[in-house]
């Protein structure tokens, strides 16, 4: 049997067995869970060859599964992050209720994402897409909070997207007579103009929803923050990348072939930019870490969308690199929040403070991830941002640069808020009992933090697969050509101009650590944060001086007029209006049998009157 | 018999049947009492049955019975009225009876449950 | 050959007449015999279907008179498929109700099972018969059993629901008879194949009028929009399994009748568009009404109506693909909606109002039932990899191939509405706190088995749709080929 | 308002229905040209192979006997539904709830008339294949007899069990005869008895048997209906 | 190897120059402010005395590791920016590590320090620090907009993202960019007002209100590091402006003249205004400065 089948069977069987294993023993359940994620991941990277295809026919539809370089790139995100998150989840879910439910859906959603990447035909693509949607939906509502508002909103948006995609799929099938993606791409240039425009739009709707693109993003903050953090790292890190994956495919294989494509790209790029700004502004205002990170995810996805939409080779490199980075740092950050929530029971900045000495390793990973998120030099985030700006400027998107730059500058605000809110500030007695999260949770975070560090210095590690992937999509090899011509990345490769700078940063840094930190640290003694001098008097032990409520208020006050109008409100008003209409419509059923009988006569009479028109 | 007069009679039979039906419909749809509604329903049935039987009629036709006299006098079945509508009407009547019986039983139940026969007050199920 | 189609009618009738006598011997027989009969008929139908798929349709004449003189029964791939479905569901409904009715006295139990069996028989008869008047008789058998089943429970508003049903049902039978008589008065025959053969001779106006009357009459059973006032009430007030039987059996038979008239008998031009229009209206109104429901069963009822609208739309495409999609939908709807009714009635077992809010937090008390309900909800909104997805895909493909883009979009938008209200209920089942005064009732073993069987079928069809698609393709090809049908029937002597 | 609307609607409906049937025409051949209506075949075959005098009976019981089986079932079902709808727990069943004040003339007359009515009914359904009438008509006549008795006597009662046995047996006979025909000739309800001579009592094969069964059944069922309704109690929630 | 040695020595020399100049400027600022306000004011070398005192102090306590890291981060940033910004052209004693695209790099590296500092200040647990930081970061987002607008305008107009490239452009054409791109210059200078955090944009430290804000819990060596890095950073910023808009400098005298001239803008402006609230200053930056920035971009795109 082919490895691909085996992978899916392990996933599926694993999901079911894991679900029921909880009835036998909890540890068995954990082990089964890990096995059913890690083994397929191993098999995938070890045994599945790129370019290999398997075909099968189901329900009269021929399905085809296989992998190319481009999807392999995303499988790195999905299975890599998925495996780490799985390990983390074992720690996170310890002692929680409904573990079987969680594990089941976790496995299924990893399977679905793998399936999406493996799909070479639209039907299995759609099937896996929907499985991904509902499994993630089920985890989103796992804790039972706000299931009706957040959960349904997520699902409705996903469904609207998915149905748009379904329409596109069947239209493609109508035109080409086949469900294969290859056939669709092949037939696309010869289609009628209206089809050429509508099919990408509908696909982009589907992908835009998952990638939390601007008018379709309203589900994301709620869903991201409501899911258990062990899953949200995958949700925000990997699942949203499926939208990016699809978007890239549509843009490259379809939109590029029509002259109107440039409008698609412009609109998408701007939507991405606006998404970034909106996400950032809202993130700054949040007091809940989960919400903050959720909005931040929306914003980060905006950058990625912009990069993909610009579509020059450099922009693609930037977008995909940012995608990988986003998976890493946002995965880490959600894990951090999860660890904190696990240890303290809350994820609210206004409640938790001063954890830095209690959870040093968590803090370290959070710090590195935040630095990467903010795009500050030594870490990988900077490389992606840099390429993005460069590509925006070289492709003449001047205003967009400003927009993106504004978003990423404003991102510092919430970055700091995140770090300060949890780790800094007064160390309160209330949290004195807090301990570092178990190793099984800390380890994945640290591994990812390490990756970010490495990628900042050696981005080629991930740029190489991206390059292969882009070549698979028909882009030219950018290894020499692009990295040479790029103003930023000139003579990258082995002899890197940036590297001396990075080394010198490291050198200076170490120097000052030696000069100031180490020596100072040795010579001074630690005193509690209660013992602060400058405020005139020493606060009492039970006095809470941490400044955390309304943290970024000055900034928020400045941008308030822009934030009064929320898209969310419009959607809600629309939905309420619809429901009111429905409420009115259903009064047709008056409950009076006579009225119903009159309806029958009305029906007959109307048909008789219009019979010449109807038949 | 005068042929024009007879053609008016044509209209009379069908017309009566249709009017009976319409009366039934009116009763079933406007009257408030459950019993009157049921009566209306069976009036519809009556009109309908009349209509159906009328279709089978032929001018000057005999009953579709091969009595001794018929066999001797006519020899031709084309002189007989159409037996099929009659057979169908038989079935329809019986079915109508069944439905009416059920409806009446339900009226009893409704009266027991709601204490009224006014259909406007029996609207617990709606929307 | 193990039997002929007439046994589907004769045996249950025989049994129905016998059961009161058997009940005098041993009361339990009243419950057992219908099950035996249904089991036998299920086996028989499967065998016959097998035979039919290999050798072509069976046309059976009654009383030795070949068409068009006598009444004939046609067991083709299409009707065979529906018969298997109905007998299967009937068996499940029986098994589900077997102990469900344990707390009921002997006498009502006897009547319940009799009516249930007659309901199934009537529906099977509608599907099998090749004679329009005979179809009328079977429709009446079905309706009267349905009236009785609807009003089965005392102390609820069931009589009210049933009375509305009776009112509309009698109007329906009036129009049906009128339509039949118009056709007879013109063509002098009642046999479907014969009518189809001669329909082009008919006066076009009369043809249209009779078609309108037919659609009105059958539309009441098939829950077409302005004619479906009875449906939500009846579904809501009938015993739970009966709701499943309505959705899975009765409505299917009525839809089959409409389709038979539209595809085979009449040769009018605008019928397909007409089906699409009424289907769309039904779909939209029903789904919008469903989202605002406070009672679980009413919600399921409206959903069922909506699904039937979708089936109509799919039939309205008028292509073989469309028919295939519609049949697939009917199959899925029958299975899934039955599961929903079965599990839903246990979720609200001890409540009088059957409010949706009363299912809150039931997953803790009824884990398997809740799981199956969720499975059904997911399947009916067409989420892969469950059964509903394939039919939705088929409908969409058919729509695209008929260039019905707008229809497609509308259907999908409405599906979103459907999704919302199903998910709301599932969320309540799993994530809300149980209300203190609600007492859950554990499902009986046979009910569990029935529900699990349905769940397994949903998964089976979902993961391996080939299990049914071959059959459905044959059935849809059979429906499309009108001349073949006429030939098959009329060549029998 | 509602009335006006209904009247308008009904006017349109009535107009179209009437026009349709006027188009068909009354009392003259209305079948479209080139069509050979089945009624001619029915009439022809009624005499020849079936040797039944009453063509309606031949159609009802033989050509379209299947319909009749269904029809009988409808009646049977109606009784079942009635019983189900009006079912009461044992302890709630008491005396008849609907009582009439019958004068002694009525009571005495009823006693006198009852056998005659029964006899008439029996006559009608036995001769169903020869003269107008048949099982249904006969059954109804018999049921009228029982109705008369029930009206006249307050304490007159019919055994439910007996009724149910009769109707079951009659139904079984009908279906059983049909199945015998199936075994004999390969089709359901096929005639397997000698046809006899036209206009004789013993003619028409299985038709008289079926009609007798139908007669019994209809009689039993109608009586059952009447009896059930008469025993209905006026109290709420039975 | 020898080159590396030169580089290291040169870097130290640059640092010293920057330190001295920055400190002096800071002292002069105090002096000028005092004179304008009709006070005598401290001597211009007062800052040197202060730092000396602070450097000689020995800290006895700390509030955690991050408190040590904070000033270090700040210092690293100052030095990094110093190394990237060309101080003097054609002078081997003032080497720089600039490379193509360093403007973007600089934009990011410049916020690295404040963020690190903010972390250090955060761990002290002093609420005043946190308040100051939120104000500072918010204000930063404010002035970054016109600043980036100006920079992007330059990048567009001269097709380079490197400081050296822009300097080369000026050398080639002989015109300073402040004349050829006046709008960009105006926007950049207005942004500079924010960067220096002098009045009216001094809500960040607001000495009388929140006890110097971020620095409030630091003393001794910590404060010394912060002050010196602040001085160096001021020098870096001024030099950067000179490089970008005023053609750079060949020798140190010209550099001092140009930088001092520029430095006078925020200093003098601060004397005429009163403190803005944070949101007021943010809106101020998003008003006219951003408008000029947009004009600059318009100019760059059109010409």
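Observations on the model:
By written order: A, B, C, D and E. Residues from 1 in each chain.
What we mean here is this: a contact is a pair of C-beta atoms (placed from the backbone, for glycine too) under 8 Å apart; a residue touches a chain by one contact, two chains touch by 3 or more.
Remember, predicted model here, so these are calculated numbers, not experimental data.
Shared contact partners of chain D and chain E, listed by label: A.
Interface comparison, B-D versus A-E: the higher number of contacting C-beta pairs is recorded for A-E.
A centroid comparison over C-alpha atoms places D as the chain most distant from chain E. Centroids built from CA atoms put chain D at 30 Å from chain C.
We define each chain's centre as the mean of its Cα atoms; on that basis chain A and chain B are separated by 70 Å. Averaging C-alpha coordinates per chain places the centre of chain A 73 Å away from that of chain D.
Chain geometry summary: the mean Cα position of chain A and that of chain C are 44 Å apart. Shared interface positions of chain B, defined as residues touching 2 or more other chains, are 21, 25, 28-30, 37, 51, 55, 84, 91, 95, 98-99, 102, 106, 109, 113, 122-125, 127. Counting only residues that touch two or more partner chains, chain E has none.
In chain D, the residues that reach two or more other chains under the touch definition are 2, 6, 10, 13, 16-17, 21, 24, 30, 37-39, 42, 64, 67, 70-71, 74, 77-78, 81, 85, 237-238. Chain pairs that touch, as defined above: A-B, A-C, A-D, A-E, B-C, B-D, C-D. Taken together, the chain B residues at the contact with chain C in this complex read 21, 25, 28, 34, 37, 41, 44-45, 48, 51-52, 55, 84-85, 88, 91-92, 95-96, 98-99, 102-103, 106-107, 109-110, 113-114, 122-125, 127.
Residue ranges of chain D in contact with chain C, taken from their complex: 16-17, 20-21, 23-24, 30-39, 41-42, 45, 62-67, 69-71, 73-74, 76-78, 80-81, 83-85, 87, 89-90, 161, 164-165, 167-172, 175-176, 178-179, 181-182, 185-191, 237-238. Those residues of chain B that touch chain D in the complex are listed here as 6, 9-11, 13-15, 17-19, 21-22, 25-26, 29-30, 51, 54-55, 57-59, 63-68, 77-78, 80, 82-84, 86-87, 90-91, 93-95, 97-99, 101-102, 104-106, 108-109, 112-113, 115. The touching residues of chain C, counted against chain B in their complex, run 133, 137, 140, 143-144, 147-148, 151, 154-155, 157, 159-164, 166-167, 169-171, 173-174, 177-178, 180-181, 184-185, 190, 232-233, 236-237, 289, 292-293.
Only residues 2-3, 6-7, 10, 13-14, 17-18, 21-22, 24-30, 37-40, 42-44, 46-47, 52-56, 59-60, 64, 67-68, 70-71, 74-75, 77-79, 81-82, 85-86, 131-132, 134, 136, 198-199, 218, 225, 228-229, 232, 234-238 of chain D touch chain B when the two sit together in their complex.
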